[in-house]
Amino acid sequence: MSSFPRPIATTRSATGISTGKLAVWWLIASEIVIFGGVLGSYVMHRIGHPEWASQAEHTNTWAGALNTFILLTSSLMAVLAHQAAEHKDGKKAAKFLYLTILGGLMFLTVKSIEWTNEIHHGFTLTSHTFWSFYYTAAGIHGVHVIVGLIIMAIIASDAKKGIDLQRVEAVGLYWHFVDIVWIFLFPLLYIAK
Amino acid sequence: MSSTATPEASGHSHDDGHGHDGHAHGHAEQNFFLKYFWSTDHKIIGFQYLFTGMFMALIGGFAVYAFRMQIAFPGMSVPGYGRVTATDYNALVTTHGSVMIFWVAMPVLIAALGNYLIPLMIGADDMVFPRLNRLSYQLFLLSIVVLIASFFVQGGAFGGAWTSYPPLSAKPEYNLTPLGAPMWLVAVALEFAAFLLGGINFVTTLMNSRAPGMKMFDVPIVIWMIVIASILFMASVGPLVAGAIMLLFDQTVGTGFFDPKKGGDPVLWQHLFWFFGHPEVYVVLLPAMGIVAEVITTFSRKKLFAYKTVIYTAVGTGALSFFVWAHHQFIAGIDPRMANIFSVTTLLISIPVAEMVFVYIATLFGGSIRLTTPMLWALAFIGEFLLGGVTGIFLGSSGADIYFHDTYFVIAHFHYTFFPIAFIAVFAAVTYWFPKMFGKYMNEAWGKVHFWGTIIPFNFIFIPLFLLGARGDHRRIYDYTHFPDLMKPGMQDLRVLATLSLVVLLAFQVVFLVNYFYSAFKGPKAEANPWKANTLEWQAPSPPPHGNFPEGLPTVYRGPYEYSHPDRQDDHWPQNSPS
Amino acid sequence: MSDTSTPAPAPGAAHDAHGGHETNYVKIWGILLALLVVSVVGPMLGHPVLTMVTAFGIAFVKAFLVIKYFMHLTVEKKYIGLLLLTMLAIMLVFVAGVAPDVMKHEGQRWTNTAAIEAVEKGLKANEAAGHGEHHGEAPAEAPAAAPH
Amino acid sequence: MISKYVDSVATFSGDIDHLIWVITAIVGFWFLLAEAVFFYLIIRYAARDGVRAQYVAGEDPKEKRWVAVPHYLTLAFDVWIIFSAISVWQEVKQTMPQADETVRVIAQQWAWTFIHPGADGQLDTADDIRLVDELHVEKGKTIHFELQSRDVLHSFSVPVFRLKQDVIPGRTIRGWFKTTQAGAYDIQCTEICGIGHAIMPARIIIESPEDHAAWLLSQTPATAALTTPTTQTGGMP
């Protein structure tokens, strides 16, 4: 990582916000509209189709709640990693990032068990448009989780060596955003029945 | 002025001495592949986008040649293509539309010029995320590979128009392109991903990496415009990205997001598409406007009239563009009451755009205008775009749109906007920045031949199409002989006139290509600032080396348009000149 | 995108504001978990309006807590918050423009016959499925969900 | 202007033509004025030896007037156009005058089916007349139409009425027209609907009351049954 010569441009900060963090804010801004598009479409359909309630009933609230718990906890780990990075403690930051990654992996595990179960009961992507939305929205979110995990693993291994500690905060922001999306997916897909 | 950036200036001068120079040398001895295909240098990536865009323009141009020949001479074997069947025709129309917008206008106006110009014009040595930049181009290239592959798969290329309305686009039994349709959609989605990454890079670079002393209101208009356009793109494309995933599932696994039989709604796609599709018009318009601002100020030696007004109108246009999308759907089945609201917002958006054009015309007042090739292109942009702009009023007026919707009037209208944007302004940019890009001059005489050989046929293509549209010719019809009312005397003559003009226009592009590539290698050597312009890129050597400013990154003392300042002997005043 | 040439604040200043609150994060996490429990328990009371309030109201509170305390948006530059709000507003504009066509199944001079049939058939099927609770809940869905 | 080339056959087609004329006059005036100023400035301020360009920032309100005044005028003319456009829109798309007859128009890849109500004037009765690619209406009658699609999007466009409405599967979209003149004219599909988009023309035949009555007689239920279009257009579901 450090072999790449970083241009002076990257080190400038006319706004006072570090470049990486500023970019993540813009990334989050553009993600809001992506999730907004799919969730907006879903909400409009859901309100227009009260009969979908009978499909929504079959979602597993407990799995959703467990995943919310896991993501909230991993968010806590991410913010603790950020705190450690602030104190220039790369080792500690890496430790918390690995815990965050563990949370993400647990989230994916719960998700796959849940989906396997649902697919076994015949609720597939194509069985009903409710389920199409369910799998698409949660699937897009899941892809974000996976991407976040990969990036976090790279940053954690750097942070352990004390390199680029400012990135810990940036990836944390992204992770909190992924968490917030789930905070809204949870009531939309699981609770509103 | 410079004091505002002191905390950063000190850090910068430190970097300047060490990191930067080592950086430039580190890249000196790369092999050809690494230098041109794996480079993270913003200028190389800009060139990659530019040349890829030019290549795609050839594809788009060939497609329009083939299907226009079919319209003018139904059933003929088109030289170089062969017989155009109905399936071919739809595929060609779709290819032309999507290629020209997604793979020509977007990469050239935003990605190529943005990459090349942003670091140079704000006095930085590169983009803030060079490797992200390279990834963005690679994704873009991948999207092209997918698109071109889709021409050769079973069933052929997608033929459901660039709007890709379901259910036609969603089901193979309707569109008969079981592979072409999903591949087209994947290509578009990859292209969006590439530009999202690029856009984040652009915005961050401008916000954080301006030269010391450069305030936001010292930034050249073209950079403002490219960045505003990137933001517009980021804010509008989201729903369509989501929609593309949904449509892809509809096509490949059989979900029913847009299938009324399964509880979906085809109208939803139209909204998702145009919610992006209309801001997209301004995404490409604004950079074109920015190019014109640079060129006309340089060649009329004038300060830009009301610099801040231009920025405010650009922001206003961008903001309003989120409220107008459904004017593409007036008669497409939306509730007629909504059409009233969208008609009002649509006509209101004409105000900031008109004001921008007025500002440019006012800039010419009191100037010292030299009609060089880039200036001719920039002026032609204003002159031609005006017609494109005013004809939009017909279509934005809901009542008149009932008749004009989906006719050739629409086609002529948006080509009077898009051709000036994607070609006239781009030619202005390419010829204006050519000495900077290659350190050589283009041939001026051949440049003017190409100019007139493009502008005159351009008008002879699209004025006939306005007339045909007013007489009821509707779009995407490969053979009008089935419609008695559309074969009245004179109508086919107009179609033939448009087609022949197109052939002439395409032929004249050869002049450009020869002039461009010959001059790039063999043209007379150009100095660093041949046009005596103020902006920072002209203060770097031509062509700029890796790292851009070998004598140290510049510090900025004033705005970009201080031409003919009364206190100065010189009629230009570079942004980085201390006095 | 306001004028961004203002000098950078001392890098530590903003961070120190939350640097010292090491226990705070765990406390916020505790609150978030408590809210999660409420949002899961809410629907068990079986009142549709209450469900909506606990589900979505609490989601907003949770999101607010994460944004304020974990993402430190409040100590970030103002325009970052404005940017995110603008994006949300854009989505509201989108939904407002689309809802009359997609969410509603009937309008001036048009009827979404397919959707109306699907709703009728679906509701009948739900009723036929026999569970009393389905019967009670399904029709209540539409009015309860409307505010969102 | 339009009617010189395309007949104007419905009651509202003249209003649309008039609207188009109004817009043409307004934007045409502005377009020519702007181009005239533009070319004048190019010629007047062409570079001359020894003449230096002026330094005008354009920030002074006095200078800005040159842009601000046209800007307010644009707004004023926009308002004029908006009011004219919306009044026409409301006439064509938002009002529904009392119907004399209702026809059902069913689009599919790539044919139109027109269901006429027949002698009793009621749809969905035994004497309905189903015709493919041919719509018969009586001159001067107010006709309501119901648009439906069996597969993809189509668009019901009658240029001589200046009328256009997309047809969406899953929806029924209603509209109206009232003819003013007899004759046979094109009905076009103006929304791309697959490879047969260009071979989806139909004709509207506007007949005088006598001719219409004769046509109605010729389409007795017995013969109508024989020409039922489902067999001709294939078994699209």
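For the reader, a short list of remarks on this structure follows.
A, B, C and D are the chain letters, set down in written order, and residue numbers restart from 1 in every chain.
Convention: a residue touches a chain if its C-beta (ideal position, glycine included) is under 8 Å from a C-beta of that chain, and two chains touch if they have at least 3 such contacts.
Please read these numbers as outputs of a predicted model, since none were measured by experiment.
Considering every other chain in turn, the ones in contact with both subunit B and subunit C prove to be A, D. Pairs C-D and B-D differ in how many C-beta pairs touch across them, and the larger number is found at B-D. Averaged Cα coordinates give subunit C a centre that lies 42 Å from the centre of subunit D.
For this pair, subunit A with subunit B, the centres built from the Cα atoms lie 34 Å apart.
Subunit A and subunit D, compared by their mean Cα positions, are separated by 48 Å.
In subunit C, the residues that reach two or more other chains under the touch definition are 4-8, 86-87, 90-91, 94, 98, 102, 104, 108-110, 112, 114-115, 118.
In subunit D, the residues touching two or more other chains are 93-94, 169-171, 173.
The set of subunit A residues touching two or more other chains comprises 13-15, 17, 26, 29-30, 32-33, 36-37, 40-41, 44-45, 49, 52. Contacting chain pairs (ordered by label): A-B, A-C, B-C, B-D, C-D. Those residues of subunit D that touch subunit B in the complex are listed here as 1-2, 5-6, 15-16, 19-20, 23-24, 26-28, 30-31, 34-35, 37-39, 41-42, 45-48, 51-59, 63-64, 66-67, 70-71, 74-75, 78, 81-82, 84-90, 92-94, 109, 151-153, 155, 157, 159-160, 162-171, 173, 185-186, 188, 190-199, 201.
Subunit B contributes residues 4-8, 207, 210, 214-217, 227-228, 231, 235-236, 239, 260-261, 263, 265, 267-268, 271, 275, 315, 322-323, 325-326, 333-338, 342 to its touches with subunit C in the complex. Looking at the complex, you find that subunit D touches subunit C at residues 93-94, 96, 169-175. Against subunit B, in their complex, subunit C makes its touches with residues 1-8, 86-87, 90-91, 93-94, 97-98, 100-102, 104, 107-110, 112, 114-115, 118.
Residues 4-15, 17, 19, 22-23, 26-27, 29-38, 40-41, 44-45, 49, 52, 125-126, 128-129, 132-133, 136, 140 of subunit A are the ones that touch subunit B when the two sit in their complex.
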